[in-house]
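In what comes next, chain A is part of two complexes: it sits with chain B in the first one and with chain C in the second one.
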Partner chain A sequence: MSEGRFWALLLLFPSLLVITAVVLYPTATGFLLSVQELRLNRPQLGNDWVGLRHYADMVSDPVFWTSLKNTAVWVTASVIIELFLGLTAALALNRGLPGTRAFAVLILVPMFLPNIVAGHMWALMLDPRLGVVNDILMRLNLIDGYKAWFADPSTAMGAAIAVEAWHSFPFFTLLLLAGLKGIPEDLYKAAAIDGAGALAQLRLITLPQLRTVIAAAVILRVIGLVNSPDLLLVLTNGGPGRSTQVLSLYAFQTAYKDFDFGYAGALSVVMFALLMVFAWAYVALLRVDRD
Partner chain B sequence: MRPVMNRRTALQLGAFAGLGSLIPRWALAQDGSVSYWHTFTSQTEVAGLDRVMALFAEARPGVTVTPEAIPNTEFMTKMTSAVMADARPDVVMVASERFTDMAAMGALVDITERVNGWERRGDYDDSRFAGITDAEGRIYGVPAFSFVDWMYYRKDWFDEAGIAPPTTLEEMRQAAIALTDPSKGRYGFGLRGGPGGQNYIVNVMEAFGAPVQVGDTLSIDRDQAVEAIRWYAGLLTQDGAVPASAPNDGFRQVIEGFQTGQTAMIWHHTGSFRDIASRLEPGVQFGTLAMPAGPAARVARLGYAYHAMSSEANADAAWSWINFWGEPDAGIAFLEETGYFPASTTVAQDPRISQDPLYAPAAETLGFGSVYPLFVGYPAWVENVVLPAFQEVLIGQTSPEGAVDQMVAGLEDASR
Partner chain C sequence: MSLRLNTPATRLWDAAAYLVMGTLSLLCVAPIVWTFLTSIKHEADIISPVLHYIPPSVTWENYAKLWTQSGYPVLVLNSLVVTTLTVAICLLAGTPAAYAVSRTRFRGRRALMLGYLVVRMFPAVLMIVPLFVVMRGLGLLDTRAGLAVAYTSFLLPLFIWMLKGFFDAAPPELEAAARVDGATRGGAMVRIVLPIARNGLLATAVFVGIGAWNEFLFALMLTTSQGSRTWPVGLQLMVGEFQLPWGMLAAGGIISILPVVVLFALVQRAMVTGIAAGAVKG
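And now, the complex of A and B:
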């Protein structure tokens, strides 16, 4: 080994050590948990290796399949709405109109709230007895009686997605606004000279230029949505019935209510695999590295 | 200018600091500091804890208590993580239904000898320790206060309608139907079908003759359980006598519904008496009743909050804090702030409790009430299987038969 290569490896060693400690070790532990028996409240079962038994159990577990389906709905709908709202807000803020700075701060306010606080706040606002949302909708004659949004399976998921979209669309606004600032003004001037209108400019300049930012933002948001059960935990706890049960919430309940860390580990590994496949497919489809 | 600290002084201080870190933990523990995890979060509970801590500091100044409030819903998550990381506090609060799981995962320390040798052990009826004693007779904690299941009802509405307070589930149903008037936003009963409602489902099944646990045997009489679920869910699906929000209604919604005049009856325990009395006049607008009897049994739970040792690092100081809750002054102070019943039999005979007619149903319940089923996995089964299955009946996604089949299958898994 050359001296230069030796020093390079030596200097990289601390970073490798940190990555191993904070990324690889916990990830590997999660994988190992998924092939072990580990039920905290049943120590008599031991901690033996069980191979792929937890994964096999998952196939015949109806709650897993319901959770998987709900996760797909929860994530897809939330990301589409958040991307649309975030892009709209970013485009508006990028116009440099008077008061833009104040609006930029206001738009970010929902994101400043922790999930738990936002969840409790919306649970009160959507409350069927005291909630302001029902009151407004009644006054506008949009509903004929106070609605229990989270108690009806036909509206529970929709209401939860609306709260999630309100809470997280500023994330897209922030990233997309940064992306918009990086697009050269000359491109728009040239397009205008060529007769391109606002919609054509959006389709032919803005969106292609934002492709990388959109890809990164969508991937980050999908990861966040798949992994975080806290908002649903507060709003519905997966109910009524299993109508808002998602994989992260199921894994959480399995670990911290059933104390079955083996099965919860297997659920987490499935989520991990789904996210890896999604991220790879999404980046490949968007051809982010084409430029 | 002369420096404040020269290099030699700095080195000496560093050496002393290094030596200090070598002092064993038990030596520091002599100052008697106790870390204490509890679930007190309401204003009245915090005021009650403050008073007990002040009394403790006065009575036993050698021990310092460092409390940490953990919301009830997050308590087991934090406790589980503490067990996994071997970072348990000295003293923890243990709710009755959590005892078996916490003991099984090694979160509690056996304090049988300390309890048996305690001079106030005679103040407690033996039954008070049943919920914190394992099958081998090991005692893990001391009951601090109790929650007695009972029913709150709108006395003024009942009087106005000329309806007698119900003593059976069927009378309760008829009263709920009679007092329901959706045009006024009034419903007969505030059914807790959301978080925390799971135990009532098990209670109704037992009242209909389908207890979950008989001795060490876990099973469900399917036919009786189906009847129970049909009756209980029917309050919404057939009678329309409960608010439509019932499938998602937890503690806050049920209490608010009663306080704001939406519901005529609710089931809860003695712990919410002060909260309800803050909005409605006791004895005039609302009254209390013992839980109504079902066709097969009258079921009400006696829930205890225990204090238990979770780590032996500061065992003597921890025991001092645990047993202080058995002192009459502490029990009465806590009762005055919160309305929570003292667990000590002696303290519970205080005239402020025994001579108050509103507390009479609780005293009656102490005669027939029972503790929650005690088997490992019970909290997870009721929360993750029983409640969602019952909710599915409420929202029409399954039948009572389908729900009971889910419960039976879940119970078989839980009992493995």
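And now, the complex of A and C:
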């Protein structure tokens, strides 16, 4: 072993030890749980191997299919809105106008706020009786009566997506702004000489040059949206009915409320598999790994 | 775009940019302002049928009630301990790792960094359930140390990715010079690279600290008693304990995000560079 390799291993050792203990071991155990029976509240059922039974149960579980469908809506709509708002903000901030730094700080603040506080802030503002959003929309004549946004199955998902977009579009702004700074100035000069207007420059230079950054941001955000039930837990807890029930929330409730760790493990494994397939397909389709 | 021709088109786009920046910053900050205004209103003014945009009279009773009746000081103290422990573990285990992947070339280096990224795809519930079982066995369940260790599962990989970006930006020539002058590898790292990357190290530590301070799901599942419960869990449990405690919830929210907003404002430039570099280069 060369001296450099020994030195690298020595430096890496503490982090590898921690990662193995708190990530690899629990995750491997989690995969094993998904083929076991483990119900904390019903120990008489034992702790047997059940093979793929949890997965078979999932196929005939209507809540699973509803959650899968809702997850698709939740993730797709949120990412599209966040990408659009994030790109718009980044383009505006990138013009380097006076006052930009102050605007940038204000626009980035939401992404550092805890889910739990973001959720309660908006729950208060969207409250059917006390909510300021209803009041403003009434004054603008956009609605003709106070709405119970989170109690109505037809508006609950939309309202939750709006809150999520508010909370996380700054993440796209941050990454895309960094990406914009990396685009060579000469490209724009050449395009301007060729007579390309602002919109043509956006389509022909900015968006293609940002492709890798957009891909990275989308993948990271999709991971967060699929895996984290926090915001929906605060806002709707999956209701009304099951109109905002997503997979991560279902897995969490299965573990935390029903103490059915085996089935919760199987649901999580499915989420992980979906994410892996998505990330792989997305990278392959965009061919971003060649850049 | 530094090509600043003062054409009508440029002025039009500049105006549009101000409109976008103004609208979005208002949208981003308004909920925080509204929460603050709610937190200084009397309960009667919050639930009154006519909405008061400006509090008719200012009161700090929500803050007083939160501090004296809900055990909030203990929750905040627990969060502080957990956050400090998490940052300490990340600094101790993550700094050498980030240095190694930035400065040394070894087989499997790319795969290792990719592995640190894949780790983020593991659903929290998939890890929490086995962690729950393991920690119960070790007696770490419902302890602040146990929670801090659990937090490193998603914060240590982030820490390493971000810090590696800052180390990459520090010129390696200075270390080479120091080693020629007789410094050991360890000496060069501690005395040359760490001081250069000081701002990056601070920003990374703050970023990880905010992550630990804000975390909710792990805390909900891995703590059960007042002795180790953190503020996000306490705040959420208040919803069931009191009838629609909007004033207290708003006060709790404001107190809890205060350190986050202050720290972000202090190190935002380095932090923004670091987060972007970590994700863009990844």
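Here is the rule we go by: the second predicted complex is superposed on the first by the 268 of 291 C-alpha atoms of A that agree within 3 Å, B and C clash if a C-alpha of one lies under 4 Å from a C-alpha of the other, contacts with A are read in each partner's own complex, and residues count from 1 in each chain.
The working rule: a residue touches a chain if its C-beta (ideal position, glycine included) is under 8 Å from a C-beta of that chain, and two chains touch if they have at least 3 such contacts.
This is a predicted model, so every value here is computed, not measured.
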item	value
Side-by-side fit of chain B and chain C on chain A, or clash	clash
Which superposed partner A:269 touches (first chain B, second chain C, both, neither)	second
Touched partner set for A:75, first chain B, second chain C, both or neither	neither
First (chain B), second (chain C), both or neither touched by A:162	neither
Chain B versus chain C as contact partner of A:95, first or second or both or neither	second
Touched partner set for A:210, first chain B, second chain C, both or neither	neither
Touched partner set for A:130, first chain B, second chain C, both or neither	both
Chain B versus chain C as contact partner of A:232, first or second or both or neither	neither
Partner chain(s) touched by A:42 [first = chain B, second = chain C, both, neither]	first
Superposition-derived comparison: chain B or chain C, residues of chain A touched	C
Touching partner for A:257 - first (chain B), second (chain C), both, neither	first
Chain B collision site on chain C, chosen from 21-29, 219-227 or 273-281, when both complexes are overlaid on chain A	219-227
Footprint overlap on chain A, comparing chain B with chain C	129-130, 255-256
Partner chain C, residues of chain A touching it in the complex	4-5, 7-12, 14-19, 21-23, 25-27, 29-31, 33, 85, 88-89, 91-97, 99-100, 103-110, 112-118, 120-122, 124-125, 129-130, 132, 135, 166, 170, 174-175, 177-179, 182, 185, 188-189, 192, 197-198, 212-213, 216-217, 220, 223, 226-230, 233-234, 248, 251-252, 255-256, 261, 264-265, 267-269, 271-272, 275-276, 279
Contacting residues of chain A [partner chain B, same complex]	40-43, 127-130, 146, 148, 150-153, 156, 236-243, 245, 253, 255-259
Contact set on chain C toward chain A in their complex	1-3, 9, 13-14, 16-18, 20-22, 24-25, 27-29, 31-32, 34-35, 38, 46-47, 49, 51, 53, 89, 92-94, 96-97, 99-101, 104-106, 109, 112, 116, 119-131, 133-134, 149-150, 152-153, 156-157, 160, 185, 210, 213-217, 220-221, 232, 235-236, 246, 249-250, 253, 256-257, 260-261, 264-265, 268, 272-273, 275-277, 279-280, 282
Touch list for chain B against partner chain A, complex	76-77, 80, 83-84, 100-101, 104-106, 185, 193-195, 243-249, 253, 256-257, 260, 262, 376-377, 379-380, 383-384, 387-389, 391-392, 394-395, 397-398
